[in-house]
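Please see the structure below; I have some questions.
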Amino acid sequence: MTLTIIWLTPLIGGVLIAFMPPHWSKLMAAITAIFTLGIAAAVALTFDPSAHSYQFTEEIPWIPQYAIFYRLGVDGISIWLVVLNALLTVIAVLATPVSMRNANRFLGLILAMGSGLAGVFMAIDLVLFYVFWEAMLIPAYFLLWLFGEGERPGRAAVKFVLYTLAGSLLMLVGVIGEYVATGQHTFDLATLATIPPSPAIQFGLFFVFALAFAIKTPLFPFHSWLPDAYLAAPTPMLITFAGVMGKAGAYGFLRIAIPLFPNPVLWWDWRWVIPVLAVAAIIWGALMAIAQRDMKLLVAYSSVSHMGFIVLGIFALNVQGQQGAVLQMVNHGIIVPALFLMVAWIADRAGTRDRSALGGLGARMPVMAGLFIVVVLAALGLPGLNSFVGEFMTLLGAWQRTPVLAVLGAIGLVLAPVYMLRLFQGTMQGEPVIRKPMTDIETGQLALLTPLILLMFVLGLYPNVLTQLMSALGQAGLAR
Amino acid sequence: MAVAGGIGVITFREPIRCVLSLVVVMIALSVLFLLLSAQFVFVAQIIVYAGAVMVLFLFVIALLGPARESARGRLRFQPWLAGLFAVVFLVLAWTMLQGVQYRQPDVADLNVFGTVQWIGIELFTRYLYPFELTSILLLVAAIGAIYLSRKVDSREGGPSGEGLRPADGTGGDLPPPVDR
Amino acid sequence: MNTGQLALLLLLLPAAGALLLAGRGWRMPRIVTKIVGPGVVWASFIVTLALFIGKASGDITYFTWIKSGSFVVPFNLLVDNLSIFMCLVITGVGGLIVTYAVGYMAKEDDPSYSRFFTYMDVFIFSMLLLVLAGNFVFLIVGWAMVGLSSYFLIGFWYHRRSAVLAARKAFVMNVIGDVGMILGAFVLFTTYHAITYAGVFQKITNPNYCPPNAICTLSLRIATDSPTLELAAFLLLVGAIAKSAQLPLHTWLPDAMEGPTPVSALIHAATMVTAGVYLVGRMHPIYDLAVYAHAAVAIVGAVTALFAASIAIVQTDIKRVLAYSTMSQIGYMFLAVGIGAYSAGFFHLMSHAFFKALLFMAAGNVIHAMNDEQDMRKYGGLLKQLPRTSWSFLIGAVSLVGIIPFAGFFSKEQILGAAFSKPDDTLALIVWGIGFVTALITGFYTGRMWWMSFAGKPSPDRPVEHPHEAPSVMLIPVFVLAALATIGGLIQTRALGFGPQAVSDFLSSAVGVQPWEGGIADVIVSIITMILAGLLFLAAYRLYVTRAWKPWSSRFPRFQTLLERKYYFDEIYNAAFVRPMDAAAEFGLRDIEQPLIDGVVVTTGVATEASASGLSLTQSGYFRNYVLVFLAGACIAAILILVRASS
Amino acid sequence: MTLLLATDITYSWGQAVSDLSQIAPIAALTGFLLFAIVTDLALPKSRRGDAVAMVAAVGYVLSLAVAVYRWNYATGGPAYKGYATGDTFALFFEIMFAVLGILTVAISHPYLKRRGMLEGEFHILILATVIGMMVLASATSLVTVFLGLELLSIALYIACGFARGETRSQEAAAKYLLIGGFASAFVVYGMALIYGGSGTTVIPEIATRLQTSSSGNSLILLGIVLMGVGFAFKVSAAPFHMWTPDVYQGAPIPVTAFMSVGTKAAAFAMIIRVFAGGLPHLAPEWQALLAFVAATSMIVGNLMAITQSSLKRLLAYSGVAQAGYVLIGVIAGGQSGLAAVLFYLFVYMFMNFGAFAVVTLLAGPDGDRDRLSDLNGLYQRNPLMAILMTVFMLSLAGFPPFVGFFGKLFLFTAGVSAGYTWLVVVAVLMSVVSVYYYVRVLIPVWSATTRTDKLETSASSTMAIAISGALSLVLGLYPTTLLIAGQLGIPSSVFGP
Amino acid sequence: MSTLNIGGSQLDSSWFLLLGAILFTLGTAGVLIRRNPLVILICIELMLNAVNLTLITFSRQLQNPEGQLFALMVMTVAAAEAVVGLAILVDIFRVRDVEDVDDLSELKG
């Protein structure tokens, strides 16, 4: 019942809030989100690290004719994403300005999207997973389209939805194919993991699943929806959109693609294609970020690069890599929202998002500059901040798979400071370009940022708090 | 003769002649029906069909004026393509109808086969249900015809006189009505 | 307090200081900053002394940092004589320099002032973490964090574009080094399945351990070299090179002089840049086996030494001269550890810390007096006006040149002697040759620097006519270091073949004893070297002050420009890496990302729409078209079925 | 001679009663049809419309009740010498059509009022059409199938032309009639050949006879082609779909809404009866035919819907595509496949009808307003309708948790299990396209507008639309019951396991 | 009654069938080619007649009554269709004179 509450609360709350008067809506939304976060945290705290299987499981027959069950459960992998999602939803809600038009609808949609994501991470029935997977597109689409920035948000929204759907509908064929091919007529992930179909079929199924996840993550070269979407997305939405939704794709790789299709080999081994693409994403994303002048786009592409690390770790197919990947999902989920928030605030104050048109803001807003450098350093993987551990472990895993991957991936580590420091120095340092007076960060914004930055330090200084609960990864037979 | 009539139907320009040649076809067919020992159908064909229906057609044509089909309409290529596909279709049908092995006939008394009484009995016992259906069908057709051909009086404020201004019919985004 | 707590305290004191000063610390009166900034460093110096006197040692594990399958990273500190030695240098010299900075940075406004000392303390903390770390992960952590603090301090004057760029350059180059170390750690972990020094070294030196991917027949069941080991050693060397500004990753160090002078003194002379030497020394079990990597260390060191010294000849910016001389001196240290004379290397590390910090701070005084003018050609004749600074600078100079009895002599000559006297090792002899030449050049450029700045008559375009001597808070540390540079060498006089060798004895437990002994021959060679270097020091007087001889550069103008352009390294790197990267990025964005990766998607949509509008033409509204299509469909269906039935 | 004939005349009362009970829903509705005609003639003009509407509504409710009763307590079986039946298959559709009738009355009555076409004939025609559909669903002989088909068609021809004097309506009626007659000629010709090949028109008989003897096979083949073509026309599947958009656009919206759902469902009932029930042993042939049709429908329908600016036409093309999806289930066959078809048809009724119903509300006194731009700012003019429209579109597009997704899920599962994966892949790729135009409908719905007038809706329409919307969601969250009904609707005695 | 005893002989039956096919095709072609809606209606009648012929032929060949009755039904339906069709056409002609079915091309796209 607990897990059901976790996804149902924000959904119901969101629906109600969408029809509330705007000036109440933010308060109610915050209460809902915080309540959800509380439940999620409680689950995380009572989580038993020594257990080898799913916990807090719920199972209700849903469509017995097709053996479709309402199955929920969490393990060492998903629990963190659930908590992260709940946390970021809170922050997204708090980051929403009450003055916004139709704030109540906006908040309602945000909560709905959070609920969908939570469902994706908790579902352990293939169809249920798929249902959440597609259902969360609906609020995402409306958020992008109705509240998007830029001149044609609708276009970006449609592009995003269609592109994602092209993958996930093929995945639907895969879901059905798995159901048919295994011959067991079940959608239970745990069971399916024990009865892989014949390699030839795995080959095809893995392809369709991997395609869907690759588009969602996004993985090079399926990322072309991302710049448009992130550019159009309003900042509060980006917190969950960039912070969590991308992880859903990576999570899909980890939860479904790998356990269900251990050896998708026909004339060609997919398990080598993905990591190569991941490395390509790392480098390509970094290069694109270097070429960007628009700060928002720069961050967007940087997250392409970081997602590359995550996927690389997952397809290292060993414990270090995959635990590092999960760690990195959480880390990136903490860092990217902070980046987007600060970029948006800086752009608000300066009036432009072009980093080359800015400069010397550090003198005007020292506190902002200080926090910004912390976030930037976390993003470029400085030891002592959270991202380092994740990248270290993913690369270690990749090295154990084959050193070349790690070496190429490490290029991303070298390129990261280039664009990240260009971002920081371009805005904060050098001679001041814009003369108009600017205020420093406000208290409310500081309050938003504080939890994220604290988490960056905590996870950076004591990552074991996560890894110790991820022992499940080793036992779940994920690392093959 | 039937074939000739059929060709006539599709070649004559004046509708009247088409109707008449269709009558020809029907009469020819009715004879064949008789040959095939279907007296009742024969009769019905002559009376109902060739008689009533065709007369109806003639009336309508007379009512609407026997407009000759203009020599050239749109869709130049249409007749040729039509002919082509028709031929293809005929060939297909032909090849399929060639070399048909028929079922063994059930034994029936050819003396009663197709007589009026026999038909009647069949119709009211075994064919009761379809028969009733046809009655409903005709009823509905009648109602529809009545509705459509009823003079629309302006009292109902309904579609009265809309014929005079078709352009208003659909919220005003129509092309102007086709003129003669 | 036991060793563990002491080590932790030693580590946490600077961190605490940094935290105190960080953020809104400058809201407190400036005096707090003045006390806390240097105070914590001195405090940790005292702690270090406590460890030193207590002959403490041990490998203390505090808690598990990461646990992931077989990959278990404890947070453990390794306290042994090497780390204590380094801590002494770091906190001692560091303390002096931070104290000096109290005066030097006086003209900064409050926020910047406290910001500066925050950075300094962060640096001290990171450096201590680096040397105290007991496993590779934390070594890398410290390694990266010193890079970070050097980034902060180089870019301290962040409104200066040049400073910002220099900082970024330094950071990126250091990250390259970090990556090298990370990969090296990967190799060691995957080979020996251990991440702590203890674990790795134990397996390397254990004759019965056989790495999975090496062939160990019964015959050679001894700790042996292996390709993986070489690979690891080389990768670690990359880190060392980047951090210690050795060829070819050296270009960031001269630019780093954009930072305030105390920073140059502390980070880019005394401590951080010597981390590479520490690394090689710490990893000596690996390098002792990995002979090729070991030789590479020596070669890199020697070449860098010569290379940097030659550039130093033509530099006119006083700090840059010192920077290049730092590179060259560190080259000596690499040379030493590269040929296995670890203790000699670390001895030179110490004495170099003394005299180079001295030189930098004296130079700082001069710059301070000259309103931040750093061009030596605009000095001249300072000897009268700044006597104290000038004399202490001279002490540092002669120590650098290696004149007996100054510290520099004993340390440098011990290295050269060790190289000269290493039995049946041609490589050692070659690097000795290079070192010898370098020593002479060192004498020359040091002389040039000193004579140009202090001797002769004031240059016409000097910014300040009557400069004032620096305040005492800046002078006292200078004097202390001058004293150390003078007598510091006497604790180890092996270069003369007799006398104490405190450093070697102290470090022997950590890096082992130098296996060979020098003879009388290398003592004589050392003396000759010293004399020649000294003569060149004097020769510079006639060349640059009295102008009695026409300058050599007029004879080889092309060679001079080559040197002035620093062998075109920056240009080459720009052409080879920076611009290609930017170009690739631009190209990728303009010609691949948008037209191809995005283009495909967009085109699909457009094509679909086009086909749709094309199809909708068939919906002509003409009834007979519909019937035609109908019949056509029927025919197709019939054919389909016929084919299917016949087959 | 009389002696010979006397043998046949034995038709007992008991037999009559049992026969009648088998077709009870149809009988009931027919009774009300007659009643409605009488009412229409008896009452004065002013009161006719309301009265007839009332009669029709009651009739639908009653026959719905009868059908439900029979579903629960009665057993199906051949009636009238095997020309009709009241088996669960028939009942499933009869229930569905009764519900559809109710919905239609609910939305059409206010519409007719607004358009000033409040006349009894409308409901009479719809009643007749519904009867035709029910006959079709319950028919077990080619003759009755044909008659039901014609009854349904002829009534619809007139209904399409109901907006008299309105050129579009007339054109729709004319086109529909001409091409419809053409198609039914094909159908009946095919039936004739099947009859010739099998020697009977009773469908179960055909099945048994063709099983025993393969004689006259080429007759049967040609018959399958001709009938299949005609059936494909009725479900408006490409390439026999071209009448659909024109007729849908021309006809008054309630008629469009009604036929877009009803005709399709009835035609599918017919296809399943005749092909799955009558020609199971020639499955490969008609499956090949239908696969071809399904693929073209999905591609053509989805592509052509993109460029439409008229909502009616857009939904017409989407209907073409949806027919393609449903055909997948028919081709897959088997109980699971056909059950999926029944499920989908039932829920499709709510989704599509609801969508059309919302458009019905937009109609003004002078005509239908079905351009996308007419939806502008719907969420300002009537939030509830905006939300419901969104639900319908998302459901049609197949987004979970709306029911459209589950319908597709079941259909595709059947398709993949039957080995028609390529067809399913075509379907999903085309669904991506479909999302594009379904979303295009939502853009005006949720975009701001300058016009401030509220969109007032009558209680009955609101009720009907709201129920459709609610069911589109609820049946998605809990599809089990309906799915069971669908499976019961495919009695293995009729269609084999 | 059936003095000329041709029923049942294969050749003749198939001859009738082929005649039916020809007429049906003629009707089809007529629908495709002719432009006057009335004539198109007539052509459809022609097709239905062809079907009737086929039905009766089979009925005779199989000596099975269903064919004839089916033919009757078809006849009725044809009549009904004709009536409705004519009614619709008349209704249209009220508004405008359509001698070419292609004038009914207002709905397209």
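Each chain carries a letter (A, B, C, D and E) given by its place in the written order, and its residues are counted from 1.
Keep in mind that, in the parts below, a residue touches a chain if its C-beta (ideal position, glycine included) is under 8 Å from a C-beta of that chain, and two chains touch if they have at least 3 such contacts.
Since the model is a prediction, treat every value here as computed from it, not as a measurement.
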Check B-C against C-D and say which one is joined by more contacting C-beta pairs. C-D
Subunit C-subunit D separation of Cα centroids, rounded to whole Å: 80
Would you mind pulling out the distance in Å between where the CA atoms of subunit A average out and where those of subunit D do? 45
Using CA atom averages as chain centres, what separation in Å is found between subunit D and subunit E? 26
Whole-Å distance, C-alpha centre of subunit A to that of subunit C, is 37
Which residues of subunit C are in contact with two or more other chains? 616, 619, 621-625, 627-628, 631-632, 634, 638, 642
Within subunit B, the set of residues that touch 2 or more other chains is 74-75, 78, 81-82, 85-86, 89, 92-93, 96-98, 100, 102-103, 106, 111, 118, 122, 127, 130, 134, 137, 141, 144, 148, 163, 166, 174, 177
Among the residues of subunit E, which are close enough to touch at least two other chains? 17, 24, 27-28, 31-33, 35, 41, 57, 61-62, 64, 69, 73, 77, 80-81, 84, 87-89, 91, 94-96, 101-102, 104, 106-109
Judged by the touch rule stated earlier, which pairs of chains are there in contact? A-C, A-D, B-C, B-D, B-E, C-D, C-E, D-E
Any idea which subunit B residues touch subunit C in the complex? 74-75, 78, 81-82, 85-86, 88-89, 92, 95-96
For the complex, give me every residue of subunit E touching subunit B. 1-2, 4, 6-8, 10, 13-14, 16-19, 21-30, 32-36, 38-39, 41-43, 45-46, 49, 52-53, 56-57, 59-65, 68-69, 71-73, 75-84, 86-91, 93-100, 102-103, 106
Residues of subunit D touching subunit C in their complex? 174-175, 178-179, 182-183, 186, 217-218, 221-222, 224-226, 228-229, 232-233, 238-240, 242-243, 245-246, 284-285, 288-289, 292-293, 300, 303-308, 433
In the complex, the residues of subunit E that touch subunit C are 28, 31-33, 35, 101-102, 104-109
Which residues, counting only subunit C, touch subunit B once they are in their complex? 622, 624-625, 628, 631-632, 634-635, 638-639, 642
